[in-house]
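In the two assemblies presented below, subunit A is common to both, partnered first by subunit B and then by subunit C.
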Partner chain A sequence: MKKRKERIDRGIKARSSDIFALLSWREMLYLAAPRLLPVIVCLLLPLLLGPYWQKVLLSVAVVALLAISWDILAQTGMVSLGQALFFGVGAYCSGAMNHYWGLSPVLTIPIASLLGGLICTLILLPVLRLRGIYFSMVTLIIPLILVRIVEATKIFGGTEGLSGMTPLPSTWFELYLSMAVLLAVLFGFRRMMDSDYGLVLKGINDNDRSVINAGINIYWFKAQSLFIAGAIGAFCGAFMTHVYMFVGMPVFALDYSILPIAAAVVGGPGTLAGATLGAFILVPMSEALRGFGGLRIVLYGVFLVVFIVALPEGIFHYIQRKYHQIERWVEVDK
Partner chain B sequence: MTDAPILSVSELSKNFGGVRALNQVSFDLQPGELLGVIGPNGSGKTTLVNLITRFVKPTSGEVFFKGKKISHLPPYKIVRLGIARTFQMVKPFYQLPAYKNMIIPLYSPRMRQLAGGHYGDRDAMALDLLEEVGFERDAHVAYKTAGALPQGYLKRLELAKALALQPDLFILDELFSGLSLAEVASIVPIIEKIRMAGKTIIMIEHRLKELFRIADRVIVMNYGEKIADGPAEAVMEDEAVKSAYLGTEAG
Partner chain C sequence: MLEIENLMVFFENALALNGLSLGVRTGEIVGVIGSNSAGKTTLMNTISGLIIDMRIKEKRKGGERITIYGNITYDGEDITETPPSDRVKQGIVLSRERHPVFPESSVVENFKIAGYLRSKSEIQETMDFVFTLFPPLTKLKTRKAGFLSGGEQQMLAIGMALVVRPKLLLLDEPLLGLSPMMQKAVVDAIVSLNRETNITVLLSEQFARPVLPVVDRAYVVENGMLTLSGTGAELMDNPEIKAAYFGV
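After this line comes the complex of A and B, so read on.
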């Protein structure tokens, strides 16, 4: 019996291009694995990690969500250098609602996500017409302005910030809430970007002329994309406010802007999954490098450069390509 | 010629810096008319289209569509009123299959207006429209990525995108340029069909022979000015047209 190699997805593709006619458990696994794997990882990781790395996992989730938010905006043609704006606005919204009105986190987190998304959209609405680097510069500057406003006017506790927030019920709650939101956002918005609606958003980035020429108001769609991205970012801020039980000027720190971009670029932009993967690699790596003291940033930078040079397409695209090339042995007649 | 004009262009002008790309151009268009716009390179034909559809803001002048002023509206609103254009430089989404390129026009709010909020399946509508402009369904041409299609199909795709919007006025900017005689011959019947459906069409063309066979009337542009307007034979006898054309073409 002679054998030749062929791709596992060959049979699936040959039988039908759209409706998968699955013939074996192996084919089913082939299709399901990429969807199951992230779910299993997110559900198991909290159980396997010690207290220190559990905290790191929360950072991973936050950076991953901010990176997904960045990626959605980027796919709509808006390159944000100010994810800290979304994070900070969400953080102050939930912090203020909890501190001044005594609302419980069950309310402040969802309200702050939506309200934060709305506020960020309104703040950026006037500059929606700016293209490319001009839009990016504005997003970079606004969080810096907001910090100074908080400092100068002493609102929301000024430089001291607001402390004594209601904590979330338990560490387990924090972990599983962040993982659940991450999975929902990842799969939900991946699906959205693959829909006809997502095609319109991506069309604005690719060739806005042809979208306008379809009678579509691109600024309305950009505003929607901004709201979605803003709400995801604001959730992160609102969530961390209750984790730290504190909100203050550091929520507008540059870290929240830069780390997500690094994660999205290293992981592979344009897929949301790449942004998530990037966060799962970069954040723990940065923690592991803490032992090197002053050299930490140097090493971190070197790793970033190596990743970008070695896999300019992004890690996710590389893995995806390799996965589709997985082969198996099949029998050949004669 | 007793109907009210569907499109009325009044003293439209555009300056780009010091360049007068369009100078005081006026004309009326009757419903169902097929108007050809010709002229040497750089004479302002594309600028005229851009001003009517307001992809470019006029320096002065007005445009009326179905009696309503449109020259102050943003371009997406003009599309919704029923003017669809094609671009001289086609720029499809190269990495998407041809039929997926149709999704954006099919997503148009104009579809919602016309269909009363009821959509069909966009993929199916896209395939139907592409078949109408000559994407052979049996050969699965519509499933190929746009980047892999020859120019002839890209131009048809551009036309199909305009068709998807079910406009009352089509403005086709050099649809025939870069196409072989055979390809042009295969697109002409599609245009005639659009016309039979009572639609009004403006065609910007360099391919005069093919244009004159189908146009009711021709406008000649030169250095941003309208230098002649009338039936094709009459216009080509005009001295100003002869010198503009022969001047640039022979010289």
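After this line comes the complex of A and C, so read on.
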């Protein structure tokens, strides 16, 4: 007998997403679990981990935030290869404010986030009209230029960098600040991308000419998306400046550009949650592989390749599909 | 030449083709007439094998989304699971819907890319033939294909399929978006290429009026199922066809 695979939404999914008729605690849990799980994980992890892995958790949060920032840009049709630009600009903003003016981190981190986002938007404003690979190239080059400018002109301490920043009150404060911001950004911007505003951004990625035809100035919206992504990245930089109590040329390192992209691709682009999930998998894995010494990067690379070939849709999309839908073999009737 | 038996195609849970059977004999022009969403394009993609490529890509995106059942026999050989590139080598060439050309390349370059399987002299020969078939293209040899008008692009697209020297030419909505004048020119060209080069043509179209007079036989498809078939003249006189496709 001829059969084919049928794919249908679970009844509980239809009830919870379309008509909101939840009949039992189980169904409420079905709806709430995917939202509660990351919250619980983020709140509990700092308590459960040792001092070394707590530091790893900080870089997980930073990579996750940068990956979300990359994902927002990618969903607006701008594939950035320069998350390091956002990170570095934020880091230098807060570093300079703290070092020269002696402002406290309570002020420098929020100001540097907004100011960094603004500076990045202004820097990239002239290239907003570029599409595809051209935009990517420019974003890749700008952090490299900025490093050399700092080195050559010796501003902000030149190659030495600025050290002696005011530290954050405690490790717990660092951990919970990063987790709180991660959760806020994740849920907030997921909500935003689902709203009508997010629809315009996604439309620009899908078919920018049709969006122009709807009477929307896409460059204004692209600039807004750039500011949002820039501010998220700049927060990461400003935050890490105060964690390390140092800001220097490494803030423009290529790692901050590449790791977030890897996280977003492995986790599943286009959902923000996928980017976060990817960071929570890739960064600890990279740490766990330290035991292999020189082979670490090789193994890491092999894992990435295997993942992209075996599960090109991304982990999050796969989980989401299995969670919401069932597949079964049905007979083809004639 | 081409024999299709009980073809069923599912896109996820939607049934696009439902037990469709049809045959094409060597040297014929056969029309597949149907309104929007009848399944014409799916049929064309299934015969040309593009759907196999689509199935692989959808599978990469997650899960099996496209299911194909039935048999396609070409020259006595079962080609249901043959990849599209091999089908082109066997002589089945599709000119896709909405005349996709390479917009950044010139007209002549487009022909060269399309004729990758053929030798230079063969390409030149067919190109000359195409230029006699579609005289307006002659003046546009060096123009970027993206700057051609819709009708010119359609001529180019049919020409690109011809450069491969098909035995069976599949035309998916060749008249889409063309003025009645243009439609007539394209239909005339299809007839004369069928006469002169003896290429078998299977074309799908929703404009029945210009197509039915010239086809040897035609099938009418609705919702993925065959509803009527017969010679072009028979269908012209059929009252149902008149009501549904001629608007009288």
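Just so it is clear, the second predicted complex is superposed on the first by the 306 of 334 C-alpha atoms of A that agree within 3 Å, B and C clash if a C-alpha of one lies under 4 Å from a C-alpha of the other, contacts with A are read in each partner's own complex, and residues count from 1 in each chain.
Convention: a contact is a pair of C-beta atoms (placed from the backbone, for glycine too) under 8 Å apart; a residue touches a chain by one contact, two chains touch by 3 or more.
Values in this document were obtained by computation on a predicted structure and should not be read as measured data.
When the two structures are aligned on the shared chain, A:Asp206 is found in touch with subunit B, with no touch to subunit C.
When both complexes are overlaid on chain A, the residue A:Arg35 reaches neither subunit B nor subunit C.
Using the contact criterion defined above for the overlaid structures, shared-chain residue A:Arg290 touches neither subunit B nor subunit C, since it reaches no partner. When the shared chain is aligned, subunit B comes close enough to touch A:Ile216, but subunit C does not.
By the document's definition of touching, of the two partners only subunit B reaches A:Asp196; subunit C does not.
On subunit A, the patch touched by subunit B and the patch touched by subunit C do not overlap at any residue.
Touching subunit B in their complex are the following residues of subunit A: 196-197, 199-200, 203, 206-207, 209-218. Of all the residues in subunit B, the ones that touch subunit A in their complex are 53, 55, 74-77, 79-80, 84-85, 87, 91-93, 96, 100, 103-110, 122, 161, 164-165. Contacts from subunit C toward subunit A in the complex involve residues 6, 8, 10, 12-13, 19, 60-65, 67, 69. Of all residues in subunit A, those touching subunit C in their complex are 2, 4-8, 312-313, 317-318, 321, 327, 332, 334.
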